[in-house]
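Labels A, B, C, D and E are assigned to the chains in the order they are written; within every chain, residues are numbered from 1.
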Amino acid sequence: MTAVLFENVSRHFGAVRAVDSVNLAIAEGEFFAMLGPSGSGKTTCLRLMAGFEQPTGGHIEIFGETAEGVPPYRRNVNTVFQDYALFPHLSILENVAYGLMVRGIAKAERLKAAENALAMVKLPGYGSRRPGQLSGGQRQRVALARALVNRPRVLLLDEPLGALDLKLREQMQEELKALQKSLGITFVFVTHDQGEALSMADRIAVFNEGRVQQLGTPEDVYKRPQTRFVADFVGSSNVLAPSFVHSLGYPARYASLRPEALALGEGGSNARRFSGTVVATSFLGATNRLTVEAAGTRIAAMLPASAAVPPQGTGVTLSFAAEDLHLMDEAA
Amino acid sequence: MTAVLFENVSRHFGAVRAVDSVNLAIAEGEFFAMLGPSGSGKTTCLRLMAGFEQPTGGHIEIFGETAEGVPPYRRNVNTVFQDYALFPHLSILENVAYGLMVRGIAKAERLKAAENALAMVKLPGYGSRRPGQLSGGQRQRVALARALVNRPRVLLLDEPLGALDLKLREQMQEELKALQKSLGITFVFVTHDQGEALSMADRIAVFNEGRVQQLGTPEDVYKRPQTRFVADFVGSSNVLAPSFVHSLGYPARYASLRPEALALGEGGSNARRFSGTVVATSFLGATNRLTVEAAGTRIAAMLPASAAVPPQGTGVTLSFAAEDLHLMDEAA
Amino acid sequence: QEPLTELGKGEGEVSIVAWAGYIERGETDKNYDWVTDFEKQTGCKVSVKTAATSDEMVALMNEGGFDLVTASGDASNRLIAGKRVQPINTDLIPSWKTIDERLQNAPWNTVKGVHYGTPYLWGPNVLMYNTEVFKGEAPKSWNVVFEEMTLPDGKSNKGRIQAYDGPIHIADAANYLMAHKPELGIKDPYELNEDQYKAALDLLRVQRTLVGRYWHDAMIQIDDFKNEGVVASGSWPFQVNLMQAEKQPIASTFPEEGVTGWSDTTMLHADSQHPNCAYMWMEHSLSPKVQGDAAAWFGAVPSVPAACKGNALLGDEGCKTNGFENFDKIRFWKTPTSKCETQGECVPYHRWVSDYIGVIGGR
Amino acid sequence: MSVVAENPILARRTSTFGRLSDYFWLNPKLFLLMLLAPPLPWLGIIYLGSLFALLLQSFFSIDEFSGLINYEFTLDTYRQLLIPANFDIILRTVIMAALVTLASALIAFPIAYYAARYARGKWKALFYLAVMLPLWSSYLVKVYAWKLILAKEGILNWGFAKLHLTWLLDAWLALPVVGGNSLSISYTGTFIVFVYVWMPFMILPIQAALERVPVNLIEASADLGGNPGQTFRHVLFPLALPGIIAGSIFTFSLTLGDYIIPQIIGSSRLFIGQAVYAQQGTAGNIPLAAAFTVVPIVIMGFYLWMAKKRGAFDAL
Amino acid sequence: MRSDRSSAPMSLKITAAAGLLFMHLPILLIFVYAFTTEEKSYQFPPPGFTLNWLAVAWNRPDVWAALSLSVRVASIATAVALVLGTLCAAAVSQTRFFGREAISLLVILPIALPGIITGIALRSAFSFADIPFSFWTIVLGHATFCVVVVYNNAVARFRRISGSMIEASMDLGADGFQTFRYVILPNIGTALLAGGMLAFALSFDEVIVTTFTAGQQQTLPIWMLEELVRPRQRPVTNVVAMVVVLVTFLPILAAYYLTREGDQIAGAGK
């Protein structure tokens, strides 16, 4: 069943087209990511689902029911806010029980449910603290528990990991993914971190300027970007101009070539190759990054750390498997 | 010549040993990075160099001259603050010219120098704006220009890229590096992002709890961590317990093993290998990450995106080149 | 407006705008209380609003909400002209007949034969001085407050004298000029032509250089004599009495130029809400006991000659001391108007108001 | 553990509040109207209306003899406002207000600076209370306390005499304009009391503004070579300015309008507040009183406009 | 925030201390004269010490009457200011509309204009509308300039309640009224209390506006003015002033701690 349906949904603020004719069909139980640069309309889309914004055009359905004109408190949809938005005057347990309280669930019952939810996010026994006494990662989990305790049909997450540092972020990514799998709730996840979207989502919608640029599985958007924007934004791909692509023996179209698809040397017989000069190298730990200038185009190659790194200024030949070059839909 | 010398420098705040007996010798013209987790004393070290803090013990020299007791405004050292600290009431041009103004440089001259500095950071013509009208990346560049216009002998940068998003961050990393090379000024750079430190620095000091854990080139600290802390913090290494290391045929010491050093399968004759069960996989774009449990230890392996990913639950064998396992100094 | 023809029951309260010290209920000195008994007898609760100048009284009456006012001559005619007060029915005031005949038809309470109120007290503006500074000898002339001079204690009078902070004080200057500059031809200090007026203002400008602060409130003037080193000023007998009671070295005198003075009338507001109580108060205010007590307290002369005899507080010499026989020598306050008897065209009161502010401000 | 409904869209609420809530959600404009319904008429109609009515009166005149208002449009009153005696009052008051504001800022700044930048924990609370106590102590009693201090027979004179410094005080009082017979009868005295009474209003806004100046801007200035004096001049002061302006709204306006202080401590030369009070209360000349009030209204109008531009309202 | 260098320069300490001294010595004087044996004048130094005036003040019915009127006026004015100030603050900080800026100006106006203007404007409006002076005319005047303190406190707090907190509440199923009851009120409560206390103190000490809107009624400050000009027992005024200072001190102390804690609560989400 379709959990969230957007039909030509627009949300304009005066002249700003925050969301512009978007079509989406998010399936029940899906982990759906919305990826895009700042200002591309991701949050606005989420707010349209939650009910904080009303569309200026188009139609929204949630599990088949029309959502326009329904205030947020009547939607069985919950949100994990980027800054968590925990209630500072309530204890953790009261925070988590809030949604049940305003629905009139009896005290004993709602506190029990809240305890369970806290246990689920691995914070049993934290109930009596105040939000101010928790670390960022812990608060994030409380926000999650507070949303999940209401058993929403859809959970919306707006860059929930944005404020966490790298280590914690990686840990939370795993936990979130596991939780979603075990609960089976539809997750709609907003991020501007491509790595996060790729590693977590079942499907990704890439946004730019209020429109969906591409919608597909992580592999689709990573390996088969349909537009230059997607190629450029998702992972740090080399976007090659039609003339250069033509010189490699392909049709004169824009193409993307992933840095890690490139290898030093001539490669096998099936490989395509080009020569250039090394203009920069940098050590990235697991890999070395080589920037090569070939026919006026700067191309990045990611080499395994084990390979020797040619110094700056040397001429090198780079090769790649013919199928790794991805021609884009956009004409020259 | 030594630009900055720390001899047993300590800075204690009451019981907190923010900086604890640190020895450093930063060479002139060097790009020196200080890496470490939050609260490890990086900023305090920088503030000791700038003169905002006075050491509670030890001795500091800047280009051979004693620095203790010299106020910040008499040190030819400038700082790029993490949040830029631009003066909100002054225009961009006045911000950049500030250091020259307080030194009494004539108006025409200092404005010209400021214009040049703005051009150098690729912001010509932005002079008449106010800081509030610039984006994060632009502000960062203004902060840089404001420091550089004074021609400091040492430039201190406190997580200058922390607030920028990924794309901008990568771009600024390259620009900073290029600028440092062309100007030849000593840069002391604080970060808690290991990737940033590895790719930019000539040498890295890894801090933990106010002490320098390891000091060396990026390759040193990445490939040859001397302590478990460094191995764990720099890149997401697998830190193996002595018993497990022993079972692989090494002395019973702690050891680090980089995820990218691992490959699926038996490997060559020289390879070491172990078997385990896949417990998680995730797609990271350029690579796939495999988490394998072997003998009760969780080990991460990074496989090229081209390799097939065994599904969760299958038994696999992983192999690595014998020399890729790095035994650490720490005893069991 | 027709006056009340018949006295009814009291309304339970009456509010009076009065000069400080005019209506006492024993709060400062238990012996001086002529309110408590009235309240007991009539059931009319008395509330008093003190005003420091005639202008203030007129303003308060214009604003309304009061029943009675103890207006001086420079206010009473304005109130009558502005229809702020109503004619009274003297038949309803049995003691009317006991009033000093000199006051029954005075021009400041009777217009075209119609009576607007009952006379209350009258008295002079005396020259109050510090007996220590003047070595026990009363100053003979008002010149101590108009011209710079060395006082008997050997110090200048500069900064040590005061003057009244009301435009009517211009008349005191004119009164002084009548004696010292007869060539100006001033006949009445309240009727000044442009030249006479200008001369008076010039005199006051000299005075400004001598005065530190003008006095506005009787109590504050007392304070200034005690704490600010003020040694001479035009004043009311009231202040003199109070300070003498406190054993301060203070006395007063009638200088040779003569004095201005006031004769006050209890007048009834045109829109009085409590006319019956008001009539009762007017009657009460004329009783010899009240007249004597009030005259003693304020240092004034009663309007009812009977009060001069046998009042314990006033004493038998009281009326004489306070100037009963000087009635004709006192130039009573009245409102200057442009049409005047003595010279046809005079400077009207509104000019006095703004010019006096200017003089005090240093213009 | 499923304690709530499974429906994707929950049913409408039937309670009154629930329905009202739905209604306001769908009609946010109406909600806004509800919020503004009580305060707007109060401030916008009663208060502003009264102000306009007052201003209107300044276009009437008064019958000089009876003191009754003549309801006919005229600019006479304004002409009267500008005669030298009245103009002096305006000038005197504005100069006094400006000086009081300046002095208040000078005295308040170090206190605010210390409280904002150095006082911590208990000391900070103590500072706050030390500022609040005089601020909220009875205004009248404070003024009278100063009368005792400044009077010729008062404490200050007594103190100067004990210290054998009477000559110094006399020398000051002998000066033109600021001098006088005694401190309580001089502009100096009026000024001191004004400063005393209004200065606390200056401290808190300056402190608030200073607390909002990030420490690292001060460090940045030092880092770029600015010595403490330069840092103060070029960074700290400009950034504290909104606070000073916010505070000066009080000191300026309160001085412009006060009639009690110059009456008690002063030389009988009127200030605007006294003139308004006297014209209204003593002389009953409401039109002239209204015309006098136009002066502070215009001045404060400009002041507020400037303050708004400088972002000083946030520091109030 | 990182602290400055641990201690202040000497010159700053001295000027700040001198400033504080200047603020406090005259107040001390008020206290001293509450205990003098001299009744008629303020003799310095006081000739003797007595506690007598406390009892005298206690037994003066006019003090109690004035005090009672002041307390009643201040309470009602504060209550009105709380409602109006909160509504204004909510409208200005929670919604966006044409004229928003004008409202913040309108609220500040009664305190930014000298009290005498507020006073005579209201007075002439009363007389124009034929409204007689009463308890309510005083309250009206006071509430008008008290709104701003409540407003300022509430706006500052509203600004710190992140918008997402209110959305979070609605998201979790609370309607507008529930959100007000369970989220907004608890979060602005202390700010309102603090604003209310300041409003009370402001009203309690107001002389000028009261002079014009009270008619013949005596609030405590009006009583004091009368008493100071025409003293009967001077030290009684000082006793009353001292007690008022000490009593207003408590709400100020409370307001301080309330907003303090509020800062911590509201800042905790960051």
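By our rule, contacts are C-beta pairs under 8 Å (C-beta built on N, C-alpha and C of every residue); 3 or more make two chains touch, one makes a residue touch a chain.
Keep in mind it's a predicted model, so treat the numbers as computed, not measured.
Student: Return the chains common to the contact lists of chain B and chain E.
Tutor: Touching chain B as well as chain E, we find A, D.
Student: What shortest step count links chain C and chain D in the network of chain contacts?
Tutor: Step count on the best path from chain C to chain D: 1.
Student: On a C-alpha centroid basis, what's the spacing between chain A and chain E, in Å?
Tutor: Comparing mean C-alpha positions, chain E is 52 Å from chain A.
Student: Distance between chain C and chain E based on Cα centroids, please, to the nearest Å.
Tutor: Roughly 42 Å separates the two chain centres.
Student: State, to the nearest whole Å, the distance from the C-alpha centre of chain B to the C-alpha centre of chain C.
Tutor: 91
Student: Chain A to chain B: how many Å between their CA centres?
Tutor: Computed value for the inter-centroid distance: 26 Å.
Student: Would you pick out the residues of chain A that each touch at least 2 other chains?
Tutor: 71, 73-74, 77, 99, 103, 150
Student: Out of chain E, which residues touch more than one other chain, so two or more?
Tutor: Touching at least two other chains: 42, 173, 175, 178.
Student: Counting only residues that touch at least 2 other chains, which ones in chain C make the list?
Tutor: Residues 63, 226-227 of chain C each touch two or more of the other chains.
Student: Go ahead and list every pair of chains that touch.
Tutor: All touching pairs, sorted by chain label, are A-B, A-D, A-E, B-D, C-D, C-E, D-E.
Student: Please output the residues of chain A touching chain B within their complex, sorted ascending.
Tutor: By the definition above, chain A touches chain B via 37-38, 165-166, 170, 174, 192-195, 198-200, 218-219, 222, 234-236, 258-260, 280, 282-287, 289, 302, 304-306.
Student: Would you mind writing out the residues of chain D in touch with chain A in their complex?
Tutor: Result: residues 1-13, 21-22, 25-26 of chain D touch chain A.
Student: Sort out for me which residues of chain A touch chain E in the complex.
Tutor: 50-52, 71-74, 77-79, 81-90, 98-99, 101-103, 130-132, 146-147, 150
Student: Residue numbers of chain C touching chain E in their complex, please.
Tutor: Per the stated touch rule, the residues are 15, 20, 27-28, 47, 49-50, 63, 65, 217, 219-220, 226-227, 246.
Student: Sort out for me which residues of chain C touch chain D in the complex.
Tutor: 53, 55-56, 58-60, 62-63, 78, 81-84, 158-160, 165, 211-214, 216, 226-229, 335, 337, 348-350, 353-355, 357-358, 360-363
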